[in-house]
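What follows is a group of structures, each given as C-alpha cells.
In the two complexes that follow, chain A is the common piece, with chain B as its partner first and chain C second.
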Partner chain A sequence: MSPLTIIFLLPLLTALVLALIPRNFRFSIRGLALLAGLVSMLIAVHAFCKFDGQASPSGFRFEERHAWAPGAGISYHVGADGLNLGLILMGAVVLFAALCVSWRIHTREKEYYILLLLMGGGILGAFASLDLFFFYILHELALVPAFILIGVWGVGKDKNYAAYQITLYLSLGALLVLAGLLAVYLQMPGASRTFDIVELTRYFSAHPMQSGAEHWIFPLLLIGFGILVSLYPFHTWAPLGYGTAPTGAAMIHAGVLKKFGLYGLLRIALPLMPDEAQRWALIIAALGLGNVVLCGAVAMRQRELNMLLGNSSVAHVGFAFLGIASMSLIGFTGAVVVMVAHGFLAALNYALSGYLREELKTLDMDQMGGLLSRLPFIGTVMIMAMMAACGLPGFAGFFGETLVFFGSWHRSEVVTVLAIWGALIVAGVYMLRAIRSIWHGDKQWPGLSDVTNPWRRLPYGLLLAALLVFGCFPRLLTDNIKASVTPVARLMGEEIAGGGSVLKVYGLNSFSPRHPVEDNASGAAVPGGPHR
Partner chain B sequence: MNPAMLSLELAVIGLALAVLLIDLWTLHEFKHRLGYLAAAGLLVILVASLCCASTGEPPATGFSGMFVQDGLALFFKRIFLAAGVLVVLMGVEFRDRIPMGLGEFFTIILMELAGMMFAASANDFVMVYVAMEMMSVSFYILISFQRSRSYSLEAGVKYLILSALSAGLLVFGIALIFGTSGRTNFAVVAAEGTRLAQNKLFCLGALLVLLGLAFKISAVPMQMWAPDVYQGAPTPVTAFLAIGSKAAGFVLVLRVLFVAAPALALHWGKLFTWAAALTILYGNLCAIPQRSLKRLLGYSSIANAGYILLGVAALNPPGSVAVLYYLAGYAFTLAVIFIVLCLVARDSDDIAVLAGLNRRSPLLALALTLGMISLAGIPPLAGFFGKLLLFKAVLEQAAVHRSYLWLALVAIAGVVISYYYYFGVIRAVYWSEEGPEMTPIAVSAPLKVSMGVCIAAMFYLGLCPDAVLSAAAKAVQALRF
Partner chain C sequence: MHEPLHWLILFLPLLAAMVITLFLQRYPRCSAALSVGAVLASFLLSVGVLAEFLDGRAPDIALTWLQVGSLQIQFGLHFDALSALMLLVVTGVGSVIHIYSVGYMRGDPHYARFFAEMSLFTFSMLGIVVSNNFFQMFVFWELVGLSSYLLIGFWYQRPSAADAAKKAFLTNRLGDVGFLIGIVLAWAVTGTLSFAGMKDQLLRDPTLFNTTATVVGLLIFCGAVGKSAQFPLHVWLPDAMEGPTPVSALIHAATMVAAGVYMLCRVFFIFTHHDLLVIAWIGGITALLSALIAVQQDDIKRILAYSTLSQLGYMVMAVGFSAPPAAMFHLTTHAFFKALLFLGAGSVIHALSQEQNIWQMGRLRSKMPLTYWTFLAGTLALCGLWPLSGAFSKDAILAAAWEHNKALFALGELVAFLTTFYMFRLFFVVFLGKPKSDLVGHAHESPRIMTYPLVFLAAASVVGGFMGITQFITPQFSPASARLPIFAPLEPFETSPVAALLGLAAIAIGFVAAYVYYAGAESDPLPGKMKEVCNVLRHKFYFDEFYAGLVDVCQDKPARAINLCDIGLKLLVRLTHGTAEWTGRVLRLVQTGNLQTYTLLLAAGAALVLYFMLTR
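Here is the complex of A and B:
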C-alpha cells in the first residue's frame, strides 16, 4: 500500500471510528484524533525524505493504482511528484497542528474532531489523487464540514452569513471546475475515456485539444479554480470566512484547502491546454496583481486582526498566480514554493490569532497593545510569522516570491514592479503597523497567560520550524518541483536544458558561488523562451 | 400472449388483495402488522425480480403489443418495488395519525405500486392512459386519507382537479395521435415516424401527451400542484408521490419520446432545453423562502424534475442512462429524508421542529444531513454521481450544439441556489435555537434498518457506480435516438 493512501485514509477512517465512540469519552476522542494526525504527519515526513524524482518513468513515486469503476473510466490512482509532495507534507503538518491547537474546544468535541479530520483527510487525498474523480470528490468532502464548523463553533455575529457565503461561493467554484473537468474528459474519443490525470496528460500532449473547445473549457477551469483560491475579484468569501471560523478550521481552510485551486491549475489546466493558457497569461497576471495590490490595500485598512490576516492571505495568493502567469519554469517553481510556504504561514498566523481571540475575547487591534510583555512566546512567534508574511529572507515565503518575480519579469515588467511594491511596501506597512499596535505599547494585561506547556507549544513550533527549514534550505523543495514542472514549462515553449537547481537553469548563481557566471554559456537556456 | 410476463404485477395485486382480505379478520390494534406483511411480501417480490425474473433480454411484448417487458421496464419496476417497501414501512410508523382504514391504506399503496409497474411496461398509448389513471385514482384516495385534516382534504381536491385536467390533455393528445396515425401502439407509430413528424396535428397530439406527463413529473408548466399537495398529503404518501410517481412519469416520457416518436424527439431538443431550464430555476427560486419542510421538498422535487429533464433534453443515450441513475439515487435519498420527517415532523412540519435534532437523535440528524447532502448533489453520495452523469450528457451535447452550454450553466446556477435551502435544513439540525421539545426520539427497528439500507445505497451509488451504470446502460437499449 502506498504511504499516500495511509496519509489521507487514516484521518478519514479515524473520523468514522470516532463516530462510534460515545460522546463523553472526551479524552479518547481527542487522543485518537491527535494520534491519527501525528501518524499521518510522520508518514508524510518520511515520504518527503525518501522521495527522489528520478525513480519512476512516469515521474510519480509511491504510485498505487486499482481499477475502481472501469465502465465510467474511474480508477483509484495516487502518486506523488514534486508538485504535490510538498503540499501533502504541508497539509499533514497543518492538520496535526490544527488538531493540537483545538484543545480549547469543549462543546460537542466529538463532532468537531470528526469534521476536522474529514476536512483534512479529504484535502490530503485530493492532493495525492491522480484520478480526476477522486481529486474532485475528496476536495468536496470539506464543503459540508466547513459549513457546520463555522456555524456551530464559529465566532462573531456574522457567522451564519459567513457560513453561507463560503459554502455558496466555493460550491459555485467547484461546480464550474466539475463542468470544466467533464468537458476535458469528453474531449477524449469515446472508448478510451478516462479520468486518469496521467493518461489525460499523455493523450493531450500527443493530440492537442481541437481549437474551439478549449476556448471555453480553459476559462471555466480558470474561473472555477480561481473562485476556490480566492482569485481577485472572486475573493470576498475568504477574509470573513476565515475570520469567523474556529481556529482549527481556519488553519486547514486557509492553509491547505485554498491551495487546491492553484494545484488544479498547475496539474490539469496548464498541461492540458498550454496554448490557451498562454493566451490567458496576461489576464491571469493582471488578476494576480489585483490580489497582491488591491487586497493588500484593503488589508491596510483593517483594524480587526483576523480580517487583516484574511486579506493578507488573499494577497499572497496573488504571488502564486503571478508565478503561474509567467508560464516559465522559474515562475512555476516559485508558485509552488509560495503555495507550500503560505500554507504553513497562514496556518501559523490563524493558530496564533485564535490563541489571542481566546485569551482577549476580541481581535480589535485598537484595544490591544503591550501584549508582548505578558505573552512572550506567542508574541515572538507571531512577530516572526508576520515578518515572514512580508517576505523576510530566511522564511520560505521569501524564496518563493523571489522566484516568482524572476519569472514574471519577462512576462511584464510593469506587473512585476507593481507586485514587488505590493509585496514589500504594502505588506510591510500593514504587518509592521499590526505588530506595533498589538505587541508594543504600555498597556497592562493582568491575568493573561502565555503558552508554557511544551506540548501546547508544539504546533506553533512545528509550523515555524517548517517555515525556517524551507526558508534556509529551499532546494529541499525546489529540486523536486523543478523536475515536475519542467514538462509543463516545455509545453509552454520554453527550452530547458541541464540539471542542477532551478536558478542554475537560468544562470543565476547567487546561491552557489563556486560556479562563475560564464557557466551560463554551457547550454543553459537564457530566460525567456520563444514566446517572449 | 404470456401471463407469466405479468408475474410481478400479478404478485403485487395478489398481495394487495390478500392484505385487504386479512384486514377483515384483524383486530384494530394489530392492523399495523398488515404493513409488515405487505413490506415483507414486496421484499420477496423485489428479490424475486432481482434473481429469478426474466432479465428482459430479449425484450418480450404481449397483449397485442401493449405490454413490454424489457430492461428499461425491469429497472424501473425494481425502483418502484424498493420504494414500495420503504413507503409501507413509513406507513406503519405513521399509523397513529391515520384515524381509520389502515388496512385499506396499505392495499391502496400496493395498487398504486401496480399502476406504476404497468406504466413502466407501457408500449401503447392506451396503456399509458390506463396506467396513469390507475396511479391517479389511487393517489386521490391516499392524499386525502387523513379525513379529519383540512390540509389533507385540500391537497386531495387540488390533486384531483389538476390531475383530471392533465388526464384530459393526455387523452386529447392520444386522440389526435390516433386520428392522424390510425394506431396507438408505440412500435407502429414509430415506424411511420418520419411521415407523421410532418403532420402538425400529430405534433400537437404528442405535445399534449407530453404535457399530461409533465404533470406527473411536476415539470414547468404543469408544476403548480406539487408544493400544496406535498404539504397536505400524509408523509408516506408524499414520499410515494415524490419517488414513485415522478419515476413513473419519467419512464413514460422516455418511452413516448424515444420509442414512439424518435423522429419527433430530434427536433424538440430546444423545447426540452427550455422546459429543463425553467423547471430548475422555478423550483430552486421558489424553495428559498419556504419554512414548511414538505413544501420545501415539493419545490425541491420540481427542481429535481428539471435536473432529470437535462438528461432527456440531451437526447442521447448517456442522457437517458443519467436519468435512470439519477432516479435510482433519488429514490433512496428521498426515502431516508421522508423517514426522518415521519418520525420528527409529527404535529407540524415547520423547519423549527428540527431544532436540537442533533441532541434528540444523532442517528436521525445524520440521516437527514446525508439525505440533504445527496439531494444537493455533494460528493460522495448518490445525488452527486447522478448530477455528474446529467452534466456529462449535457456537455457531450454541447460539443455539437453550443446552446447546451448555457443549459449547463443554468443548471449550475440552480444547484448553487439549492445549496442555500438544503444547507438551511442542515443548519436547523445542528445549530438553530433549541425548541421546547427535547425528548429523545425512539426509532423502530425496521425503520432503523431501512435508513441504514438507504444510506448504504446512497454511498454505494455515489462511490461504486459501475454495477448500476451498466444495468442502466443495458436498460436504455430499448430506446432509439
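Here is the complex of A and C:
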C-alpha cells in the first residue's frame, strides 16, 4: 500500500473509530486523534525523505492505482511528485500541530476531533489524488467540517455569519470548479473519457483543446480555484472566517485547505490549457497584485490581530498567484515554495493568536502591549513568525517570494517592482507595527501564563522548525518542485535544458514544444498577450 | 588552514547564538563566555585567513544553495584583500566590544539574550563580508537589519527604544527595495549573480547593461543609502542610539553602518561615472548635514551618532571619487576611533547612572582619568590631527576630492572644521569646566574589563595610520599601481599638500572656535547668538516631521481608502446575503399553513392560467 494512502486514510478512519467511542472517554479520544496525526505526520516525513523523482519511470512516486468505476473512467489513483509532496508533508505537520494545540477545547470534544480529522484527512487525500473524482470529492469532504467547526466552536459575535459566508463562498468556488472539471472531462472523445489527471494531461498535450471550449473552461477554473484561494476580489470571506474559527480549524483552513486552489491551477488548469493560461497571465498577475498590495494595505488598518493575520494571509497567497502568472519555471517553483511555506506560517500564526485569545480574552491590539516580558516563549515565536511573514531570509517564505520576483521580471518589470514593494515594505509595516503594539512596551500583565511544558511547546516548535529548515535548505523543496513544474513551463514555451524522466508523465519526450522559442525581449514586451 | 576552519569563521558566532538561545538563557556567565569565545575564535581564524591571503593561498569556496532554471544561487566564502581587511575589522573591533559588554551589561536581567543577539549580529555581518554573490549578500544584509532591530529594541519595555527599532528596520527596508530590484535587474541582464561572473562579463562587454547601466548602479546604491544611513534615509541612525551603548559602538558606528561602504567597494565595477557623481554628492550632503546637526545636540550618544553619519558620508564620497581604498582605509580607522569614542561615552554614562545629557556632566577628567585620556585620543584621531590615524585616512579622501571635484573638496574641508568644533564642544563640556550636576560627584572610573578595551582601541586609533592598510588594499582596485612604501608618516603632505595643510587649518580653526565658546561654559551660548539657525539644527532640519507627513499622505491615507473599498466589498457580499434572505422571508408569507389561503391561491393560479390559455 502506498504511504500516501495511509497518510490521508489514517485520519479519516480514526474519525470513524472516534465516532464509536463514548464521549466520556475524553483522554482516549484525544490520545487516539493525536496518535493518528502523529503517525500520519511521521509517514509523511518519511515519504518526503525517501522521495526521489528520478527513481520511478512515471515521475510519480508512491503510486497506487485501482479501478473503481471503469465505466465512468474513475479510478483510485494516488501518487506524489515535487508539486504535491511538499504540500502533503506540510498538511500532515499542520494537522498534527492543530490537534496538539486543541487541548483547551472542552465542549463536545469528540465531535471536534472527528471534524478536525475529517478536514485534515480530506484535504491530504485531495492533494494525493491523481484522479479528478477523488481530488474533488475529498476536498468537499474537507470543506463541510469547517462550517460546523466555525458554527459550533467559533468565537465572536459574527461567527454565524462567518460560518455561512465561508461555506457559501467556498461552495460557489467548488461549484465553478466542478463545472470546469466536467467540461474538461467532456472534451475527451466518448470512448476514452477518464478522470485520471495523468491521462488527461497526456491526452490534451497531444490534442490541444478546441479553441472555443478552452475560452470558457479556463476562466471557470480560474475563478473557481481563485475563490477557494481568496484571490482578489473574492477574498473577503477569509479574514472573517479565520478570525472566528476555532484555532485548530483556522490552522488547517488557512494553512492547508487554501492551497487546494493554487494546487489545482498548477496541476490541472495550466497543463491542460497552456495557451489560454498565457492569455490570462496578465489578469492573474493584476489580481495577484491586488492580493499583495491592496490586501496588505487593508491589513495595515486592522486593529484586531486575527483580522490582521487573515489579511496578511490573503496578501501572501498573492505571491503564489504572481509566480503562476509569470508562466516560467522559476516563477512556478517559487509559487509552490510560497504555498508550502505559507502553510506552515499561517498555521503557526493562528496557533499563536489562538493562545493569546485564550489568555487575554481579546485580540484587540490597542489593549495589548508589553506582553513579551510576560510571555517570552509565545512572544519570541510569534515575533519570529511575524518576521517570517515580512519575508525575512532564514524562513522558507523568503525563497519562495524571491523566486517569484526573479521569475516574473521577464514578464513584467512593473509587476515585479510592485510585488517587491508589497513584500518588503507593506508587509514590513503592518507586521512591525503589530509587534510594536503587542509585544513591546511597558504595560504590566499580572496573571498571564506562558507555555512552559515542553509537550505544549511541541506544535509551535515543529512549525517554526519546518519554516527554518526549508528557509536554510531550500533545495529540499526546490529540487523536487522544479523537476515537476518543468513540463508545465515547457508548455508555456520556455526552453529548459535537462529535466529527467519526469517528462514521460506528460508524454513530452517525443513531443516538441508547440511554441517557437521566444527571446526575452518580446516576452517582456507583450506580457500575457497571445503568443501565436 | 583546512576548509572547515573557514566555515567556522562564519558559523561559530551563529552556533553561539543558537546555543545561548536554546540552552543558556539562565546562565549569564556561560553565555557571555561563549559569545566572547566565538568572536575571538573568529578573529584568530581571520588572522589565519590573512596569512593565507598574503601567501596567495586564500581559497574560494562555493556551494550551490539553489538552482532553478537559469537562476543559480551560491553560498560561498570569498577571500581577497577587501574581505580579509573587513573580517579583521569586524572580528577585531567586535572582540574588544564584546569584552567591554561583559562589564557594561553586568546586572541586566536579559544578559544572555544580549550576547545571543550580539553573536547573531556578528554572524550576519561576517556573512556580508565573505559573500561571493549578490543574493547571499542580500540575505545577510536583511539578517543584519534584523539583528540591528533586535539590539536597538533590546530594552523593548521603553517605548522610545521599541519605536526606534521599528523605524530603523523600516527605513533600512526602503533601501533594500531598491537593492533587491537592482539585483534582479542585474541578474536579468547578465544571467549571473556572482560578483566575479558579473565583473568578467562587464570587462568583456562594458556596454552590457546598455541603457540600464546607470539605473542598475543607482538601485544597488539604494541598499547602501539605507544601511549606511545616507541622506535621505539617514533618520534612523540617531534614534538607534536607544540601544545599549556597546551596540551603538559595534553596530551603529564601527561595522554594520559601514556595510554599505563595504558593499559599494565590493561591487565597484558596476558603477558608471554618472552613478559615481551621484554617490559622491549624496555622501557630501550627508557629511555636511549631519555635521551641522551635531553642533546643536545635547545627548552625548546622539552627537557621536551624527558624527558617525558625517564620517560615513566621507567614505561614500570617497567611493564616488573612484577611491575605494581611501574609503576602506577611513572605514578601518573610523571603526577604531568611533568604537573608542562610543565605549568612552558608555563609560561616562555608566559612571553617571545612565545620564546622557552633556550639560549634566563636567570635570570628569579628574574622576575618570583613563576614560579622559583615551577619549582625547579618539577625539583627536576623529578630527584628523596628524599623526593620528584619522589624519591619514581623511587626507586620502580629501586628496581624492581635490583631484575630482573642487566643490566637494571645499565641502569636505568645511565638514572637517565642523567635526573639530562639535567634538571639542563635547569634550570641553563633558571632561573640563565645572561639574554641572550632582551626579558628577558620585562618578568613578569604570572597572578594568571596560577600561582595557578603551586602552586597546586608543592604541589602535593612534597608530592605525601606520598599519599599511592602503598599501594592502590598493592592489585589488588598481593592480598596475606602483608598490607603496609601508611606513610613510609624511605621505599626506607629499602627495597632496594642499589637502593636508588645509585640513590642519580646519582643525585649528575648529579647535579655537570650540575653545572660545565652550571652555568653561555652563550652558550652550550658541542659541542666544543665532536663535533661528540653532532652532533648525536642534530639529534636525525637520526631517522627521517631514517624513511623518509623507508617510501619512503616501501610505496611511491610501491604506485607509483601500480599507474603505474593502469594507464596501464586504457590504456588497452582505447585500447578496440580505437579498436572498429577504426574498425568502417574503415568500414565506405565502406559506401560512391555512387551507383556505392555499385554496384561494390555487384558484387564483388556475384563473391566471385559464386567462392566458383562452386569450391567446
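A few comments on the model shown:
The working rule: the second predicted complex is superposed on the first by the 497 of 532 C-alpha atoms of A that agree within 3 Å, B and C clash if a C-alpha of one lies under 4 Å from a C-alpha of the other, contacts with A are read in each partner's own complex, and residues count from 1 in each chain.
Convention: a contact is a pair of C-beta atoms (placed from the backbone, for glycine too) under 8 Å apart; a residue touches a chain by one contact, two chains touch by 3 or more.
Source: prediction; values computed, not measured.
Of the two partner chains placed by superposition, only chain C is touched by A:G370; chain B is not. In the superposed pair of complexes, A:F405 makes contact with chain C only, with no contact to chain B.
Of the two partner chains placed by the overlay, only chain C lies in contact with A:L294; chain B stays clear of it. Legend: residue contacts after superposition of the two complexes on their common chain; A:N84 is shown touching neither chain B nor chain C. Touch criterion met: A:L186 reaches chain B, while chain C stays clear of it. Measured by the number of chain A residues touched, the leading partner among chain B and chain C is C. Residue contacts after overlaying the shared chain place A:Y164 against chain B and chain C alike. Of the two partner chains placed by superposition, only chain C is touched by A:G428; chain B is not.
Residues 164 of chain A contact both chain B in one complex and chain C in the other. On chain C, the positions that touch chain A within their shared complex are 64-71, 135, 138-140, 142-143, 146, 153, 156-159, 162-163, 165-166, 169-170, 173-174, 176-177, 180-181, 184-185, 187-188, 555-556, 558-560, 562-563, 565-566, 569-570, 573, 577.
Of all residues in chain A, only 68-72, 74, 111, 136-137, 140-141, 143-144, 147-148, 151-152, 160, 163-164, 167-168, 171-172, 175-176, 178-179, 182-183, 185-186, 213, 216 touch chain B in the complex they form. Within the complex formed with chain C, the chain A residues making contact are 161, 164-165, 233, 236-237, 240, 294-295, 297-298, 300-301, 328-330, 333, 370, 372-373, 387, 392-394, 398-399, 402-403, 405-406, 409-410, 413, 416-417, 420-421, 424-425, 428-429, 432-433, 435-436, 439-442, 474-475, 478, 482, 489, 494, 496, 520.
Residues 358, 369, 373, 378-380, 384, 388, 391-392, 395-396, 398-399, 405, 408-409, 412, 415-416, 419-420, 423, 426-427, 430-431, 464-466, 469-470, 473 of chain B are the ones that touch chain A when the two sit in their complex.
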